[in-house]
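The same chain A turns up in both complexes below, where it pairs with chain B and then with chain C.
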Partner chain A sequence: MITMKKGLIKWFSGMTIGALLLTTAGCGGGAAPTANSGSQGGEAAKIGVISYLTGGGAAYGQAIKEGLDLAKEEINAQGKVKVDLIYEDSRGDKTEAINAINKLINKDNVVGIIGPTLSGEMFAAGPIADQAGVPIMGTSTTAEGIPALGNFVFRNALPEFLAVPQAVEKAISTYNLKKVAVMYSNNNDWAVSGYKTIESTLKKNGIEIVATETFADKDTDYSAQLTKIASLKPDAVMVSSLYQEASLVLKKAREIGITVPFVGTNGFNSPELIKIAGPAADGAIVASPWFPGKQDEKVQKFIADYKAKYNNKVPDQFAAQAYDALYIYASALEQAGSTTDRQKLRDSIAAIKGFQGVTGKFAFDEKREPVMSATVLIIKDGQFTELK
Partner chain B sequence: MFWQQLVNGLTLGSTYSLVALGYTLIMGVLNIINMAHGEIFMIGAFVGLYLVTYLKVNIFVAMAGAMLASALLGCLMEMLALRPLRRRAVSHLAPLISTIGVSIFLESLALNLFGPQSQAFPTELAAVQFELGPIRITLVQIIILGISFGLMFILRFWLAKTRVGKAIRTTAENIETANLLGINTNRIIFLTVALASGLGGVAGVLVGLSFNAVEPTMGLSMGLKGLAVLILGGMGNITGAMLGGLILGIAEVFTVAYGASSYRDAVAFGMIILILFIRPQGLFGKRQGGRF
Partner chain C sequence: MAILLNQYYLQIAVFVMVNAILGVSIYLTLSTGQLSLGNAGFMSIGAYTCAILTVKAGLPVYLAIPLGGLAASFISIIIGFPALRLTGIYLAIATLGFGEVVRVIVLNLKITNGALGISGIPTLGTKIGKILSSFGLSKFGGFSAQQVSTLLVLVILLLVLAFLIFFCIRLNRSRVGRAFAAIKADESAAEAMGINTTYYKLLAFALGALIAGIAGGLSAHLTFFIGPKDFAYHRTVEILLYAVLGGSDLVIGPIVGALILTLLPEVLRSASNYRLMIYGALLVTMMAFRPQGLISEETVRYWKGKLGRGSKQ
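Right after this comes the complex of A and B.
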């Protein structure tokens, strides 16, 4: 017994010392000098990318990486500025995102950061970048309040509070909705924020909410919630969740005979939804800044290049927004005239106006929120088409 | 709606029961909690999925294949991670930790082999459904209910009536005594672990079939539910595992149906705590010994 106690004490003190060492190391890192050496013309700008590359939402991270890689190739070939991307995998986890951002800022000494993928991760990592004075731009973070995290925090993702009402209102007018059911993932910051937007839009339009059901990320059984919803016979169901959960919800719903339209938040906006849910995805509605069917030279060229590079895959919204994000960085770097000055880069990103990307005309307002427009899409026969 | 929700609860519950049976068998014989059971369950699901998608076998062959593969995996775990520890008579916690190691290893392996994406069984099976009055039941649900109840009854009967079953029960009672009685306990332990893992593999295929999502991290949440059922039903008690699983499944579904879905797990696990207050040994557990 005594030896065991001793062992435990040793173990605990070892842990404590280890933890102390870790924290002090972290502090030391925080005080490291910012990258401010004189800019050398030919040197590539180091941009860190934090993305959801493995785990349940890896399709998002993968699309983002593909969009960025394509943009990087093109930018470097054009030669006005050179960029270098350093990838870190956050696995959709806040703690991992914090570790990644500390590494990028203090060890890799990046000039700016793209990512993380999830809004929840951005809420954790954004303030760290802001404090260190490193510009950070989310390409897929659509929850309310992201740029409010600090002066160095940007996004080029159309926020949920602008996109979702468009989809909801369009569905209300097209299908003459009277009563709807709402479902959302209650352990995901972004999904909860999307749910609140859905709820307030419905209230504003005087639509009755017959049921509000929740689930958790990574849940697989939705039969109880959907059986309950089916018995209430709503005119439509609105879902706020990532594509994985959304597609399982759609599948189960169609299986138990719910045939009404489903309106979704940004999670619906992925070809993965169609891939997993199959025919069950038909009738799903989402507002998207990215619409591959758009008759625009820039959009069609991007799709052709992307298909050529990635095995005939059609780019999704996440690839498109990431692609635009790197171009925004490139044009800001060009303006700043330095590949290492973080403050100058931040100022020239904030000053971006009239940028033409594949997701349309783009600018930042004074709150660093994107100014852009969305198209409401519906899935028909396994394809995203414009809802008219 | 009541009857439909009852069917939903029974389907969910019977998968919990199958997972919990695996825990209970190993708990009963080896007196350890096999933390890798959830991951063996996940590998079983993948083996079944790949057999169905690539070799186009029917679902029952796939289940048999998954059972075999998981049983083999269980044997490997017993040989590499459990037996060496048992020989050295180390602390009680060592096998627990080593099975946690196995579980992490298997999850990482699956991430690399199968990728992080969730995959689904072909949909033809899910499309078949029957309407019985107010209830809509799918073929998959019938298969799940049939197979899990069938397996549970076969297992009960086999343990109670056959020679090998008796040997397993004796080993569970006391390994040394069983050795003295001339039972090859090493072989019995091997058999138990293989059986428990095989059941886990079948459960994996069934869960993959009904929920359409097979992915490398699916073992964790299912494993936790199985553990809860193990404790609810009484450690190492087969009836307990069967009924405990059904109770947990029905409690979860009814919380959603007649309460609020946000409280799903809170109510289900609150109920477990309450039951344990009244019966600390679990619903069917005995205070002293006497397993299965």
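Right after this comes the complex of A and C.
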């Protein structure tokens, strides 16, 4: 009996460790270690970056890192200010993010921080930066209430509650919507927050919601929800989820004959959506601050440089916002005239007005929320185009 | 000294303490030979109860944390009656299922704010900092108020942990502890000897849940934010690993396990993207060469003998 129990524990732990190793071996991202990218010159401003570099969301962290690296090279080449980036991985985990932020602030003595990637991590890490008096800026944290964490907490990610209504209202006016169905992933904090915005925008515009269906992240079968929606014949379907689920929803919906437009939250705003859903993605609408097809010199130059540096990869929104974030830091550092004074840096970030980035004109309001406009996009023949 | 009081190191030490407390909780259920994987579930009940009590009901932290523990313990008794009829792998799966159920319930309740989680939880550090500044203290011989309050949090956690270790050592030498050991060695024999196995198994289960709940409450008040993702399956595995790595014979085993497994990812930070691979490889090596865990009763006996105090034992 004793040996049996011990054997069982041993067996279980063996399996667990095996699984752990498998999952960890899957990450890594293949990039060379860049814990300390070396400082150039004495007066380079040290900026810490907390990003989701290994694990399930490493694609986001990788895009952010690529955007930042490109911006760093350009800024250092221009020579007005010198910046040095110190990367820390958070694995998308809040305790890791807390440890990383404490290391950056107290051990590396950074002047400012970019990151973390997820809103949940920011809720845990933001207050620490605020207490220590270090400016922190999220490039992808779109949940409501992030800058309210403290005076030192900023973001240049267009929050869902500003972007989503633009897409919804544009769809209402373009397609003359009367009744719609709503679907969302109910175990994803970010998708739930997007759903709430959709719901309130629809209510404000007096649109009837004929059905609200939920699913969970990583679900693969949506036939039950979509069959129900199809029977109700809505004018449009609004979906709040990440691109993996959104693409499968679109595929299934087209398969069972729902041909109405789909309006999505930021999850729709990914080239991956088109890749996975194929022709089913046509008619999907999303509002995005980042639109690679924009006829703007700055945007086109950024895309060309990015492609040159990273094997012809088209930058996504995460890369673009990270790229802008470092430029915002650089211009604030220039204004502050110091590469070590955290308070001065904070004040000059807060004072940023009329900044022209690849995601458009940019400023912070008095609540440290970004003021920027989004373009409403629709997928047509496998391409994002502006919805006019 | 100034280097050691760096906020970064203090914060890691705080997480080590919380994980060590979780290590004690898994030790207690393992001490009756029960492989329970519900600890993350109990932790989440403790954390959410405690956070809701302080954020929404305005209860003081020192009351909310024990209440969170009691809530977890109460639930553990309810599910313990049917679940503890199972043994071995069946119990493991039942408790694992329980953890998932808790996570899904938390995800769908309004009071827990679903997937968005609860943010803006006042931390112990800021609370202590406020008390200190109300006494007009803001600088302590070159250390900032933040450092001092984190240090005080660390001291409090250390005291909790010390009490738990003391409690476990005393428990082992008591009637209850002997009953636990008997059940672990052979449940049928223990029952034949007149031990009420259901009672003792349930007791160990409830004690483990109480401590996990308290650890959950503490962690909620150390990280500003809790969400359902924090208490998913991988957290259970982490807690179990403390006992597997450190050894589950003695209470000090899971604590050492928690210390190593919390420090390791931080120590390996310089290895950047490879750190989790190194972490996994170390665990595999460890299992290959010391499957019983780092610290077992033989280890203690060996070192006592070596240090010339073997005769006392």
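One rule holds for everything that comes next: the second predicted complex is superposed on the first by the 341 of 388 C-alpha atoms of A that agree within 3 Å, B and C clash if a C-alpha of one lies under 4 Å from a C-alpha of the other, contacts with A are read in each partner's own complex, and residues count from 1 in each chain.
Here, contacts are C-beta pairs under 8 Å (C-beta built on N, C-alpha and C of every residue); 3 or more make two chains touch, one makes a residue touch a chain.
The structure presented is a predicted model; accordingly, all values stated were derived computationally and were not measured.
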After the superposition on A, what does A:54 contact: first (chain B), second (chain C), both or neither?
both
Using the touch definition from the top, say if A:251 reaches chain B (first), chain C (second), both or neither. first
Request  = Quick one: classify A:186 as touching chain B (first), chain C (second), both or neither.
outcome  = both
Margin query: Looking at A:363 after the superposition, I want to know if it touches chain B, chain C, both of them or none. Which is it: first, second, both, neither?
Written below: neither
Partner chain in contact with A:107 - chain B first, chain C second, else both or neither:
second
Between chain B (first) and chain C (second), which, if any, makes contact with A:131: first, second, both or neither? second
Message = So in the superposed three-chain picture, is A:96 touching just chain B, just chain C, both, or none of them (first/second/both/neither)?
response = second
| Between chain B (first) and chain C (second), which does A:88 come into contact with in this model arrangement: first, second, both, or neither? | second
The chain contacting more residues of chain A, comparing chain B with chain C, is C
- request: Kindly classify A:218 by the partners it touches after superposition: chain B alone (first), chain C alone (second), both, or neither?
  value: first
Residues on chain A touched by both chain B and chain C 54, 186
Within their complex, chain B touches chain A through residues 1, 4-5, 8-9, 11-12, 111, 115-118, 120, 123, 126-127, 129, 136, 138, 207, 210-213, 215, 217-218, 221, 252-254, 256-257, 260-262, 264
Within their complex, chain C touches chain A through residues 6-8, 11-12, 15, 30, 33, 35, 88-89, 92, 104, 107-108, 114-117, 119-120, 123, 126, 146, 184-188, 223-225, 227-230, 237, 240-241, 244, 248, 265-266, 269-277, 279-281, 283-284, 287, 291
The residues of chain A that touch chain C in their complex are 1-2, 4-5, 8-10, 12-14, 16-17, 20-21, 24-25, 27-29, 31, 33-35, 53-54, 87-89, 91, 94-96, 98-99, 102-103, 105-107, 120, 123-124, 126-128, 131-132, 143, 145, 149, 186-189, 191-193
Chain A residues touching chain B in their complex are 54-56, 58-59, 186, 213-215, 218, 220-221, 223-225, 227-228, 231, 244, 248, 251-252, 255-257, 276, 278
